[in-house]
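Per-chain numbering from 1; labels A, B, C and D assigned in written order.
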């Protein structure tokens, strides 16, 4: 082995936290708490105005959990098809609906219905998703429209595009009060908003540590770690966990501890991986190649900014900048603006922006090649991906594409993808490392 | 080339010897030009009398003639004596000597209703190039239907390709697919063409031919079951079309659904001819309503 | 150095034996049911043609879809890399190589130095490969070779709607029913497959010079339809289009040995 | 010599020639646009989606043309849009990539769905256009803040158009444009009123040609032509009364496929009303005169937010009702519809996302429906069987 490796100490805790999110959701009502469901991109902090006892179920990580269980995956996808839903719809969404129709919680037991659905919408599927959830579970539903343009087109916190989002949130507050009969407490909301700022900024900081050679984390691990923010980025435990993880990763970086001991070629991926086939990432390691992350895992929840010196890095939170947040209006504006900067939102508007962001990672994180997943399961994140491929190749970057689906294994052809990887490795001039000694 | 054609099935004329055409008021004919097979049925006063099945040739008019002419001879009925001809199947518009064209969906509905009785509600028609799930009412009128999509996986043609590939006569596939030791995993490739290579790979990896056949039948049954799942099952169901003769598929569908398909009341009736039968029955009704015997047919059978 | 390249395709197995850059033996055989045996036999045949002993071969590289089934290879190389290397050897001004085999088609972009820089393969649907032509010919009941040539004498443009290889067959049947001539049908089939292939190939940015190899390079109907589709006059076809991958593999076997 | 969008189908449909001009415009859309440019010195702007506020462009002396597909297999979009994007968005992009849209000076994406957005993104970078604008449109047009936001976006759009055209769009010009567009909407609506009659006076295909052509040509030209046909319509009959057969509504995503319309109406059936975007969704509802001191931008925005919404923009109200469905139900009643054809572009997520509840809704209200999935080209044979069988289920009592 080229580099020293050590297991990640905080790994076990991440697993526990992940399990706890799902368990707490199921048990929410035992203590009179509220179950809220919505997208991983939703404004998680907002419902906390209703109290501390808010338990989120976010659809995408749930869909990914289903994808890990091949039998359940097939069963639930089929149930959704039998209802008449088209096969090409977002596969997470189909698994989620399938779970409702089949009354099956993928971890065992019956499906836990939510008290209300609160999501945001940037992809065509977000609102359709929870509209159907609301129809089947007979619960109230609200979506916040966030597709008001790329961040660089927005002129500050007072741009009408930000006001629009903030206004909808203000409206959603009244709506939540009405449907739950609870009073909205700004202070509690702001407390959780700060957790969210902190968690999403720290996550970006953690990703920055991946610039180190050898990388302290690899993408396989990152998949599990970033998911905490997708589950609930406004929870105290997420913010605290990311602080702890940052310290550990920083320490590993300093001491030269690698995630993959044989690291000699650094790749990045793109979009959600085919969850049922994460072993393809392990396959890379046979060649000494590893994926250090992706714009997707970095920027789905991490908030970054393009710095004055032309580099790209974590965005300091409003608190870091000394901005006081004491009232609802300020909070909502900051909240809307912070989210508008989300890297994963930008690709919805222009593939050029995505290519530019990817180039930051490629250069500053010293990346040798890019694997683009033509993900049939998610039309949102595969938007513009072919253009990215073009633009990246034009810039002299080595790119491979492969077809698959994040949440429907029938659309993944393992042999063909491994063959694609083989020829990509040949292109990168890598051969399998013979397991000597 | 004298290569054996493994997809061949029996092409034969059949008639109900217990019936007599001499004092019939209305003789109606149904012709079903499918993508793979063409059938003709003669009804005497709305009763099934005789049928014939042939392979569909390169064009519809010829196929229609090939199906009907020998049948008329076999049944000893002259073409002029026929009161009404209804065409159906995908070649229905190109039958020159028909009085009316009706879709195969309606005809299979009506034909199945005749074969099974008024309690039948759900039909699965598995033919050469598509597969349909059909709901009917007590008269055999279609109330709802669903067709599979533009991919050939799960059709009779797909099965023929496999028969050819493995050199197993299509009529034996059903039986042989049960002569296995371990339960079959369905073939995973949906594409017929790629399923072929998967089947080859299975053979190469040491599976027996029967096991490969079982896998293919299972895959087809699974796909078809989905169609039924989607439209919903009402009461008993009946399978029509050529694949109804392939127990490798039909019994696996039954297994998937947990219920048995019903059989025709008269076991001599062939479910592959359900479409042509339905057409002939419609012909009977239309002829009775029309009253006069003179028809307006565009063509002659020659 | 003497090296052998073995290309284990879904339909055919091809072997080339090189002494340096000189081809001293070659052989082709259908894969059949017992692939392993077929590979051994093809190799033996090539060895015989080369008038050498099997033990004279220094290195063997396997490629093609069945490359992993051959246990005695010194190197296992994907058909993308082998194809790229092979076509570059045939003509070093080629920048895009398009290989259409029985069940797969792929496009390979090659740099000025002969390195593969990008590639694309067809989707999981058979409508863009050699077997498509074969089944169409079968539907018409004429042999593939004749079918392919027929296209050249037609200037009709009948769009084929069905993209599925199997349904296209029924479409052909109905074209026959409409008394469409065989040559027009052939043209329609080849136009449709050319369109499929070029759609796939465009993913790698088609840069001249473009080469076609693999089984379909023998199909003049396809080649002509493909040229027309891309609006190019000239397309390079190597002398032995079926052996390009095997050639590339044999060359890479030598080059890799030197590297090691 | 035309651009060929009709694929020669016109010979098949020759009637009294009343709608010929629309068919011609449909067929020769690109030549028309080029001539329009020469004639007026204006600019031509391609519009993706029906939410583009054409008023602004009209006031800026631009011809807005709806970008549509050609309905023929193509092989040029693969490098940009991979297989799971809807065939309509691919077919439309192919037009651009094949150089058929080189006369466009600008292209506007009024945000509806991701698929079309991707088409826009490619066009923006690959077509020789001077002007490209992504116009955010509220995702839920019934949201409390939608109209305000829409107005602010129209204002921003107007400013950018002004900057491009290098002149100010004054209030009078914009008001004229509003009046012109409204007149077109009003005229189309008037024609549609006739379709309620037992003999609907025009076929579905003619209506499709008329509306689509209105999306492609100068509204002055369109209006003149519609006024002309309105003189003849009251006494016009299509088919014989008995051949009108089943009265159908076509519901769904983008659909300007003439061969489909032709095939359906060839049977004993007539399309009498539609709910799609080369039909009512585009022209239903006028802006109307000034009122309540609202800004022009606000009035325009209000119209786009309150017209019948596309599934991308229509979500359940707090009580669960779907306004889109209620609107469809009303159309079915007003036009005395026997059955519904639900057409949907393959992979079209927004429409697929409405299909299941819509089918349930229709069946609760005893409206039989048939769902058909469109691809760039239609498997007409298969569709024919399905449509005929559907018609047999809603009619053909004769057979029993």
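Methods note: a contact is a pair of C-beta atoms (placed from the backbone, for glycine too) under 8 Å apart; a residue touches a chain by one contact, two chains touch by 3 or more.
No experiment lies behind these values; they were computed from the predicted model shown.
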item	value
Contacts common to chain B and chain C (chain labels)	A, D
Which of A-C and A-D has more C-beta pairs touching across its chains	A-D
Intercentroid distance (Cα basis), chain C paired with chain A, Å	42
Inter-chain centre distance, chain A versus chain D - centres from mean C-alpha coordinates, in Å	36
Chain C and chain D: spacing of chain centres that average the CA atoms, whole Å	45
Between chain B and chain A, distance of the C-alpha-averaged centres to the nearest whole Å	51
Overlap residues in chain D, where contacts from two or more other chains coincide	78-79, 83, 379, 381
Contacts with 2+ other chains: residues of chain C	123-124, 162-163, 203, 205
Multi-chain contact residues (two or more partners), chain B	150
Pairwise touch network: line, ring, star, complete, or other	complete
Chain B-touching residues of chain A, taken from the complex the two chains share	78, 81-84, 410
Complex contact set, residues of chain A against chain C	386, 390, 393, 398-399, 401, 403, 413, 416, 419-420, 422-423, 426-427
Contacting residues of chain D [partner chain C, same complex]	72-79, 83, 377-381
Footprint of chain A on chain C - complex, ascending	77-81, 115-121, 123-124, 203, 205
List of chain A residues in touch with chain D within their complex	83-86, 88-90, 121, 123-125, 127-128, 131-132, 134-135, 140-141, 143, 145, 147-149, 160-161, 164, 167-168, 171, 175, 348-352, 374, 376, 379-380, 382-387, 390
